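Chain lettering (A, B, C and D) follows the sequence in which the chains are written, and residue indices restart at 1 in each chain.
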């Protein structure tokens, strides 16, 4: 029965992807991409990958739609390449490339072990160690969190640095084209009485939910990445309703930029602290008297660092994009 | 759990599922954006409510029950608000609703049974 | 019974997908995405019970919140683009 | 401390406990920290007031919801039967209905109740009128009869 549901969802995914290719209106593409995100999250849930599904729920279906839309408002809504004869629009080339790559990938799957096969490398390499020993070595219910934050602490550190770099990249690229003169923003939605009141009720709940996800990553799906996004989305909602000027009063841009760096610093410091105590970088066993306690503390602070950086970078990106968009959108 | 709650839960789930499908069929069949919106709100309100209450009746722990209640409250708070914002935006951007003349009716579906029963 | 409800929701999702593709106005598409989001909330909740692991409800909660923020964000986007010459071609602009 | 801050604090604590369901000292400390942080941000955002914490409604709201549920079921049956009609014949209508002054909160409850019942959607709310799009003209007459407005008014005072 379950595989029947899998097939339905997968075929809807393919249909959506085909629709995305066909549609020329970039706004419709964004909407379909949002649906694609929703579908993949459902599929991840069915495949029992609930941490991935959680991330997809927060990032793929929610925030990325918003960010793509703000980008669209800077670039325009329709694909122009096809109409312009002078452009380098060569669909045949891209199509050939994609077809060849796809064919190679399908050919490659011939050598892959069957899904869920017991002798597949993924079941015999490091995973048994994670699954069997996580309970005694780290002692938290969610193995995904222990893999992410402890066994693979290096990788996650890299990811946080990537996110931090992305934030800096956006600032460097867009800030340079925007003058720092204050922009008068019409908070057009503020007089929208229903939206105003309902959002006022929701914002504190979104914030506390974000923090709940942050601190319960060890017990269920969630953790710093998802929590950061959820927490930041409350600020997005606030900025969209009450205007950027008001939002900037609530969160000082300089603080947010400092916090983005602080998150990475916190993560790194945990690693360095382990070194000072005589262990390897990010070896949490050296953080406390006994190993399990050290692991708990290490994971808690590392996840906090991730959450702070992700939330700050998201806020930086959204605010910078919106400032830019506002100046462009200002009637001449 | 008693048999009564189990049966009640099943009934709610099936009825909710039927309402879901109805809402989407309306979303396809109705002639313009504003009428489609009414079809969508069928699924947003009663169908969601029925399915979530149906699940609540089978909740294994009080935490699951509590979370389902919170989800229901969120949906009931946000879906009419989002719907209203959408309708307002559509109307203000100049999208004209399809309206019949005096006393007339819109014959929206000239081909009987198209997409219907 | 969970399976029956899950399949009903899937059928509803497929129909909403058709509406998202067909449009014709952009508001139809937003509506379709909104409906699709609500359906995903239901599907994940049901599937959680189907597989006997209802702790997935956190994911459902995120959707219930994110769906709202996304719709508001989309509408906000159009407030900007109306003044931005690229007003949409499918709806008549306000006179 | 304002009464609204108190009620929000209570709400946040309940929300945290309902979600968490873990009774460990560390989680309690983190929860207390989270509640304080959210209260701080919320007060900076100025979202703690009688609009976001409508305490004056709590007494009468259950009765209102029970009545709304009945309305919801009735209008659902109507819309669903329209959807499955073999031959679609619709009489949609867009009407502005006058109403007397309501508080902002009252307007929200009124407008959202109208949107929540299938077949009617509020498209605009102003100081003394409400614009409604209805799937069928008869729903407009129902709203004009003022039964819902009277109930909201009772709730609002």
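Basically, contacts are C-beta pairs under 8 Å (C-beta built on N, C-alpha and C of every residue); 3 or more make two chains touch, one makes a residue touch a chain.
On a predicted model such as this, the values are computed, not experimentally measured, just so you know.
Comparing per-chain C-alpha centres with the mean over every protein C-alpha atom, the closest match is chain C. Here A-B and A-C were compared by C-beta pairs in contact; the pair with more is A-C.
Measuring from the averaged C-alpha position of chain A to that of chain B gives a distance of 30 Å. In this assembly, the C-alpha centroid of chain C lies 21 Å from the C-alpha centroid of chain D.
Centre-to-centre separation between chain B and chain C, using Cα means, comes to 12 Å. Within chain B, the positions touching two or more other chains are listed as 23, 25, 37, 67, 70, 74, 77-79, 81, 83-85, 88.
Residue positions of chain C touching 2 or more other chains: 7, 13, 30, 32, 55, 58, 61, 65, 67-68, 72, 79, 88. Those residues of chain D in touch with two or more other chains are numbered 15, 19, 111-112, 122.
Here the chains touching each other pair up as A-B, A-C, A-D, B-C, B-D.
Of all residues in chain B, those touching chain D in their complex are 19, 22-23, 25-26, 29-31, 34-35, 37-39, 41-42, 45-46, 61-63, 66-67, 70, 76-77, 79-81, 83-84, 87-88, 91, 97-100, 104-109, 112-113, 116-117. Residues of chain D touching chain A in their complex: 8, 11-12, 15-16, 19-20, 22, 27, 30-31, 34-35, 37-39, 41-42, 44-45, 47-49, 51-53, 104-105, 107-108, 111-112, 122, 125.
Against chain B, the residues of chain A that register as touching in their complex are 192, 194-195, 198, 201-202. Per the touch definition, chain C reaches chain B in the complex via residues 1-2, 4-5, 7-9, 11-13, 15-16, 18-19, 25, 27-28, 30-32, 34-35, 38-39, 41-42, 45-46, 49, 54-55, 57-58, 60-61, 64-65, 67-68, 71-72, 75, 78-79, 82, 88, 91-95. Looking at the complex, you find that chain C touches chain A at residues 3, 6-7, 10, 13-14, 17, 20-21, 23, 26, 29-30, 32-33, 36-37, 40, 43-44, 47-48, 50-51, 53, 55-56, 58-59, 61-63, 65-70, 72-74, 76-77, 79-81, 83-84, 86, 88.
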